[in-house]
Each structure stands twice: as C-alpha cells, then as structure tokens.
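In the two complexes that follow, subunit A is the common piece, with subunit B as its partner first and subunit C second.
And then the complex of A and B:
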C-alpha cells in the first residue's frame, strides 16, 4: 500500500508539472493584463493540432519546436485584434471576450480538423516504460517533466534577468508608473500575452502525446489550471507552480483510496485553501 | 498608503466566478435550426452535438439524414415528405436534453423522437416521450434499464444493452485470457451496468474480480488507475470507457507497457475510438455493434458508399447505422400500418424484422416483443494496428446472435404498461 501511495504521489507530481505549465501561462497573462484568459484551453488545442499537422513534414521534434511558436504568433494576433480592446475596462468584458473566443477556437478546430480524435503518435522510443518496476515512468513522461522544468527555468530566467522580464514584473506591480517611465505598455502586454500563449502551445503539444487530440482537449485541462492558480495564490508564479504540483499529487493519492473522488479532490482542496488562506498558499496578501 | 496593485487587476472572486462560468460553458450549447414544412412527417433527433459525445451524436445524425433522403426518394411516409429536426441535447446536462425533447414534441409536433447517446438522457427522454405518447427510438444509450426496468410501451432501442455486449465477449476472455479480472469503469450508468454484466459472467464461470475502480466521466489522466491495476496483477484488465475517455485510457495503458504484461479488453468498442488512437494503441478484445466490412452481407456496399459521400470519404460506423436503422424502422412500420398513431405503430414494431437493405447484418435482426430491444448480431474480435484498408481496424473473430447474448425478457425487469 505504501508503495502504491508513493507511486501515485510521484505520478501525481508528473501530472501536476503539466498543469503547472498551463497555469503559468494563464498566470502570466492575468498578472500583467488582468485578463482571465478562458481561451487558454483553445490555444492549447491549437498548439496540439498545429504539431499534428506539421509532424509529417518536420517530425515530432520539429513540430515541438515550431508549433508553440506559431501558436504564440496566433496569440499575439488575437491580442492585437481582440483582447487589447478590453484593457482598462471592467474584468467582466475580458471574461466574456475570452469566453467567446474559446468557443470560436473550439469550433474553428472542429471545422478545420474535424470532431474526431486524431491519432497523435510520439516517437516509439519515448512511448515505453523506462523500468519494469516504475512502469509509469515512461520516456515521454520523463521528457515532459524535463521540458516543463526547462520551460519554467527559462521563464523565470527571462522574468528575473532580462530587461523584458523586469518590465513585465514591474508592470505587474504598477503598470501606470511603468508607462510613465516611457515603456510602451501596449507592446509589453502584447509580448507578454504571446509568452503566455507560447506556454499554452507547448502544453498542447505535450498533452496531445498523452491524451486524445480532439477539439475539447483544452477545456478538460483548463479547470485544473485555474485551480492551480487559486491554490498557489494569485500573482505568484512560484505559487502557481506549487499549486499545479499539489493538485496533481493530491489527485494521484486519492485515486488509491477513493478513485471516483480523484477529480473532486482538487476542488475540495481549493475550497479548503480559500477558507484557511484566502489569498492562496504563496499569494501576496492584499494584492487581490 | 495606496496599494501597488495594477490598475486593471482582477479579484480572486472574479477568478472563482470565472472558473464557475467555465464549468457552465460545458453545458452551453448552440441552437440548431432547420427549415420545415407544416405537412411533413417529422422526426426529432435530440442528441449531443457538443461535448464528449459530439462526434457520436453527429454520426448518428448523418445516418438519420441518409435515411430521410432515401425515404423521401422512395415517396416518403404515407405519401408525405419526411424531415429531420435536430436539437443539441448536450453531452452531460440531462435537464437540457429533456427541455429540448419537450420542445420537439410539444412545439414542433414531431411524429417520432430519436435519441440519445447518453444513457441517462435516453432514460429521461423515454419518460418524457411516454408521458407525451410519442414513439421513440433510442439510438445510442446502452444502459440496460432503457429496455429493462425503465422500459415503456413507446420506447424501442436499436443499440445493444450493456449486458448483451458483456455476454457476447465474456466467455472468450475467460477461456482465452484468464480468470482474474480487474475493472476500470467510468462512473455513470453505462459503465456501472457493463461492470455488473461482466461480474455476473465472472461469477457464473467461477472467476475472480481482483478490483474495480470508478473513474469520473472525462478523466484525462488514467495513470493512477493503471498503477493500481498493475499492482493487482490480473490476467485481464477490463477497460469500460467510451469515446474520448477510451482514447485516453488506451493510449496511456500502452505507454505504460501494460498491454505487454496483461490482456487488455472490454465490451463496447467503436471505430471512432480506434481511428483516434495511434496505431500501437489499437489493441485488445472488444465487441463491435456493427462493422462496415462484412463479406457477403447484401446491400452493405451501397450503404458504405452512400455514407462515404456524406462524410468526405469516411466509412460508416455503428453510430451511422443506428441513426439509419432508427429512421427506417419508423418509416417502414408507418407505411406498413398506414398510420402515424403511436400505439398502433408500437404494437406493429413488436417482433418487426428489419429487411436486408436496412438490417445490413446477418441473422435477421428484429425488435423483441416484451422489452422492445433490437436483437442484432454482435461482432466479437480484436482491434488491429492496420488492416487491408486504412479504416479496417477491427478483426471480427466471432459473430454472436443477439438472442444468444440478451437476457430473457423475464430477467430484464421490463414490464410494459400499454395505454388503456
């Protein structure tokens, strides 16, 4: 039993890392622009489908490199065309806009690639277990975690060490002052949105290798990502990462004892965190 | 001191409200409208067009549309043209399905109600159509009680009961692959009744159930379930998921290499699922309810090519066949009886045998009197990586007669109460 719990805990952390990747993109956009991006799941699906489309030409690795960039470009265009117009308004506007955008993307992918699940195969050397005992450690999962770690490290490096990152962080704290200091806030938000959508696109390619790729793939993953943000604490990227890992682990462990509650447990966890620590585990008190 | 928050910051409450709205989005649905004429004979299809069952619902609709076109080309029903009204029931919100069903019957005055893929909705719509005395054909909801304890005089079903499916394959699994089974079951009526069916067979054969876990509908990550199943060391892991859930669980089981250690099997399998799987994950022993390649079955090729024309070249699945059979059954019996009266048509449908051009399978399928369940053939076999043709992904090893797989009427719990 202990072994089973440990297996599941470990496995939960792997899944949690994936939720965290998606939640980080959401969090990045939310922190700077105040937009709750409901279309994030849609962009995730676009990432997966673009990779599916590109794979016959440039292979899995090529698709993994290119598809998230293309998704980010689509995200940047969407920001310029739609999202930008609702900055500064009541958050309800951005909520409704991204909500509608999510439907448009879902139906758009259905129109282009069909409602059926499409077969997305990862290279065979990735899709087998690394060890007999730890059979759930497949090459793909280990690779996924490694990539998530690399992506998170790169993101924190960008935010911590580059001029762009500094501006994003400053904008998150006080956008008005950043604007007064002569920084083009429009471009800053645009690039930041693209960065968030890049993470969604990356999550999309990774998800397609593990799950069935169909137009609703994003909507089934977006809720745990929101929960990760709330549990981890709004405004805190490390919190989002922690939230993702925690809900993944909790879901895994609960499956051992009471499998049918494996999804419900993350919402129970969210409720508990909101009751005990309303600003989330690592959220900044008073910020939101 | 002024707080340093961003001018457009968002409150936690708004996020939570937003998250709730995202949940609501799952049940929101588009409005489907089609042109209609007052004197047409109307079929109302209340089926999922959005959500996890969207594809299955859509395929049933294509089957219905083909049947409608064929019937109109042959003179319609009682000399009147036939039309199909379609409503999106959603995949998971039974309240919406019932509301749409009521609209179809009361406002649009449909003569026949068709649907639903979701078992719970099929039951709820059966209650509704019974209350409103409308003939209904259940196109794709498999749970036993539709033609069992929840049966009605006006409700007929084209697809199999879950018990028929488990009975068709259980003996093969037991004899060929072993007597220790582990279940991973979707947590709703369909999954529960499938598991009960297998458990009954296992008990009868003297096998052992090593464990059973319920997975919520729409589960994306099955690794925790697969870890438990592996730890139990069974002979056969029975996966009872359908649709996208089935794609997810099979894909992950193969990535974990479980197919190398255990036999993977289940009851119902569909071409939609196998098409969505990478070739190496097309594994296991299953039951198909209808298959597009059946050598020697008359009229099959015409049906396959007619569906191909409507699907951009894709072959028909069991779902296309369900829709096609459902509409044709109503039309045939209405023209035979020269009436649209629901009671008379329901009486006439009892023991009604499908003609070969509609049956498209061996063993003369018929609607059994007593529970109104179609008695078709069931196809037991193995999923294949590749067949002779791109969409030939299932090897049929045995065709089982519906009458051999179904429980006797007396054991179904169905007691039909006819209107007086």
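And then the complex of A and C:
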C-alpha cells in the first residue's frame, strides 16, 4: 500500500512537473503581454513532433536539444505574424486568436503525422528500472524530473540575474515605464514569447517520451496548466510552479483510491482555492 | 426613424424565421440545418447577454449548454420519457451548476474570469467522459429519442415531423429572445450596460456590481442550458464534445462574427458559422483548420462583426 501511494505520488509529481513547465511558459506570456495563449498546447505538440522527426538523424539527445529551439522560433514567428496584433486589445480577441491557432495546429499535426499515436523511443539505458524495490523509479522518470528542475532553475536564474530577465520582470510591473526608459518593448515581448514557447517545446519532447505522441496531446495537457496557474495565482511564477506540483501530487494520490476522479480532483482543488483565496495561493490582489 | 428601421428589421427577421422550413430546401439547406442554426443562435445570443451587454468574458458556456444536453438526454433515457420533463431537468441542472460556479467567479474580471470559466467548463466534460456506465463516455449518450409532446387536446409529433420540431425550437427561441430583449430594455438591463461601460463609475453610483454580474451570468446560463436541451432533442444524442472548450469557443466566435454589440448579431453569426461548418465539413476532413482560420481572420480583420461594420457604415 505504501509503495502504491508512493508510486502514484511520485507519478503525480512528474505529471505536476509537466504541468508546471507548461504553465510557467503560459504565465510568462500572460504576465508580460496579457495574452492567454490557448495555442500553448499546440506548440507543445509541435515540439514533440519535431523531436520525433529529428530523432533518426541526430538521436535522442540532439532532438532534445534542437526541437525546443525550433519550436521557440516558430513561436516567435507566430507572435510576429498574429499575436502581436492583439496586444492591448480586449482579452476576448487574444483568446479567440489563440483558440483559432490551437485548432489549426492540432489539425495540421493530424494532417502531417496522422491521428494515431506515433512511437517515440527513448534510449534503452534511460527506460530501465533503477531499483528492484522501487520498480517505478525508471531512469527516464528520474531524468525527466532532473531536467524539469534544471529548466525551472535556469528560468528563474535568467529572470533573476540577467538583464533580459530584469527587463521582463520590470515590464510585467509597468510596461509603459520600461518603454519610456528606452527599451524596445516589441522585441522584449517577442523574446519573452519565444522563451515561453521554448518551455512548451521542451515539455513536448519530454511528454512524447512518456505519454506517446498524438495530435491531441496538447489539448489534453493545457487545461491542467490553466488550473495550475489559477491555483498558484495569476501573475506569480513561483505560484504557478507550486500550483503545478500541487495538482499533480493531488491527482496522483487520488488515483490510488478513486482512479476515475483523478482528473476531477484538480478542479475541486481549484474551486476550494477560489473560495478561500480568490486570487490564488501566491497571487496578488488587483493584478488581474 | 431609427425605431421604425428596427421594427422593420425585426419584422423581416421574424418572417424569415417563420417561413424558413418552406424555403430552406430551395436554397440548398434542410430543415434540421435550420433547427441547428436556431439552437446555436439561442446559445450565442444568451452568451452575448453576458459578453456583449454586460462586458464579462465567459469562455466556458459549453458546460451549461452540455449540462442541458445531458440533463434532457439522461432524463428521457432513464427516468421519464417525456420531452418537456427532460427539458425542465436539463435547464434546472444547467442553471444550478451555473449558480454554484457563479458564486466562485463573480469577483474575478477580464482575463482571470475567462480562464476560470474555461477551467470550470472542463469539470463537466470530464464527468461526462469518465462516467462511462451512465453517460456513455466518449461514445456519447445514445439509445433514446425525443418523444411527441402531448398537450391533452392534441399531440405535437416532433419525432416524426422535422417541421414540428423546428417550430418548437422557434417558439423557444422567440420567447427566450423576447425575454432577454425585455430585460435589456429594463432598468436592470441599462444597469448592466453601465457596468460594461465603466465598472468603477457604476460602483461609485452605488450599484452592487457583483450581484448584477451574477444575475446576468444566471440569465445567460439559464437560456444557454435551454438551448442545450433543444440540441439534445434535435440530435437524439448527447455528445461529450458539446461540453468541451472548443464548443465554448464556437459560441464566442458566433457572437463576435455577427457583431456582439448588436442584439441580432449572434443570430447572424450562427447562420454564417453553421452554414460554413456544414459546407466545409462535407468538403474536407480538415474542416477544423478552416474553422481555426475563420477565428484568426475574424479577430484580425472583422473584430466588430458583420453588423458592427454595417452599423458603422450607416452611421458615418
């Protein structure tokens, strides 16, 4: 029993790490540009499929390194072509626009790679089990958690320590002043969007290795990321991280006792948080 | 003059809707398509009560629409094979769920409100999807049919006759729309407009803004679940996708496409959307891309919608 709970808790935390990785990208974009990027799940799928295409040529590690960067470039192009045009307008329009993009990306991936799950093989030395007693501790899972931790640490390092990060944080608080101080806000938002999409692409490669790759992978992962942001509080990146881990762990533990409720439980958590703290666990009142 | 114009427009719309089953085949449609337009137009008009006239952005209306669908379907299948009873249960379930969710979200605004409505919308989708033994899961709820309505002196055969069903839906549509129009013309409706235009000022005037938004949300969700029950009757089927976020997006795009500042905008948007979807999905498997493209084009080039553009041209 203990092992079962541990297994599912760990599993939940891994899933939660995914949610957090995706939600952090969403949050970055939302905080600086005020856009809820509904197409984020689509970019996640693009990341996965690009890795799938690249793997025969450059191997798993090469794909892991290159695919998220390519995804980010596609994201930057999408921002320039479409998303930039709805900045400053009613959030209605950015939502509709990214809804449309999400439809097109999902349908496009289905058109190119087919509707069925494509095989996505991770190196065999990663998929073997590390310990006989804790059978669930496969190398890939541990590796994934390590990579998510590294990515999140790098993100917070960039935001906290570099000039770019400082500008992003300042822009989140007061974009107009940042602009007046001589910083090109258009480029800043563009780069920031790319950074968010990079995280989506990375999550896509990792998710493909764990869940298998199919066109709907994005839309099945985006809702929990929304919940992660709401639970953590809009506007707070640490909150988003916490929210992701919390809902992942909760759904993992509930899986043990009542498997069919594992997806519903995260919404129950969201309802509770909204009742007790309407602006999320770490959110500030009045930002959104 | 403008009042006269509006009356003429209303009369023309009413005449077109009343005679639709008699000319729709001649223009390449079919009666069920007309019914579908009306049902989705009712949903979009209800959403627009909130979106266009209260200024609150809900992206989760499919949840209450879908609860209407499932409420009606489950009632007719398991409890009591009576069309009106099914409709009553569907509307009650949808409205009750909206009341509970409404309490939690009424303090949120803008992006936050939109996100939370989307997320809450998914709860019901997961329930319908997971609760296989009752709802049929991913395959949807089938194995039931709408039942002819017995009025005592006569029986309305909505099962056998497409036209009878169309007129039942039309009556529901017209009554609902009339109620919403009357509400908007009342002091309550004017207050909603004040909230939309300037919430802070409305608050300073002593208007209980949260309560008005909650009430507007309830009106909107009540009629959207009514539309859901009609949709269940129309299809003799409940599809979990009726509850999903993409359905919510469809409602919003109908309202925006037609013109969300105009009362009849969502109706026009529904006509365009349904006809387009019907045509494209008969031509290509990749209709989802075209719908997505429609979203993008509307946002980039027609944010005011068809009626918004016409209204602007005539005003200038």
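Please note the rule applied: the second predicted complex is superposed on the first by the 283 of 288 C-alpha atoms of A that agree within 3 Å, B and C clash if a C-alpha of one lies under 4 Å from a C-alpha of the other, contacts with A are read in each partner's own complex, and residues count from 1 in each chain.
Just so it is clear, contacts are C-beta pairs under 8 Å (C-beta built on N, C-alpha and C of every residue); 3 or more make two chains touch, one makes a residue touch a chain.
Note that the coordinates shown come from a computational prediction; the quantities given were computed from them, not determined experimentally.
Clashing of subunit B with subunit C is the outcome of superposition onto subunit A. When the two structures are aligned on the shared chain, A:61 is found in touch with neither subunit B nor subunit C.
In the superposition on chain A, A:257 contacts neither subunit B nor subunit C.
Of the two partner chains, subunit C is the only one touched by A:111; subunit B is not.
Of the two partner chains, subunit C is the only one that A:271 touches; subunit B does not reach it. Touch counts on subunit A: comparing subunit C and subunit B, the chain ahead is B. Once the two complexes are laid over each other on the shared chain, residue contacts for A:7 go to subunit B alone; subunit C is not touched. By the touch criterion stated above, A:15 is placed in contact with subunit B alone, subunit C being left untouched. In the overlay built on the shared chain, the residue A:102 is in contact with subunit B and with subunit C. Once chain A of one complex is fitted onto chain A of the other, the partner contacts of A:85 are limited to subunit C, with no touch recorded for subunit B. With chain A used to align the two structures, subunit C clashes with subunit B at 5-13, while the other stretches in 5-13, 167-175, 293-301 or 347-355 stay clear. Applying the stated touch rule to the two superposed structures, the overlap between the subunit B and subunit C interfaces on subunit A comprises residues 30, 34, 36, 91-92, 95, 99, 102-103, 219, 223, 226-227, 229-230, 234, 260, 263-264, 274, 278, 288. Within the complex formed with subunit A, the residues of subunit C that make contact are 51, 57, 59, 104-105, 107-112, 114-116, 118-120, 122-123, 126-127, 130-131, 245-246, 249, 252-253, 256, 286, 288-289, 291-296, 298-300, 303.
By the touch criterion stated above, subunit A contacts subunit C in their complex at residues 30, 34, 36, 82, 85-86, 89-93, 95-97, 99-104, 106-108, 110-111, 219, 223, 226-227, 229-230, 234, 260-261, 263-264, 267, 270-271, 274-275, 278, 288.
Those residues of subunit A lying in contact with subunit B across their complex are 3-4, 7-8, 11-12, 14-15, 30-36, 38, 87-88, 91-92, 95, 99, 102-103, 115-122, 124, 127-129, 135-136, 138, 140-141, 171-176, 210-214, 216, 219-223, 226-227, 229-230, 234, 251-252, 255-256, 259-260, 262-264, 274, 278-280, 286-288.
Remark: subunit B residues 3-12, 14-19, 21-23, 25-26, 51-52, 54-55, 58, 187, 213-216, 218-221, 223-228, 230-231, 244, 247-248, 251-252, 254-258, 272-273, 275-280 touch subunit A in the complex.
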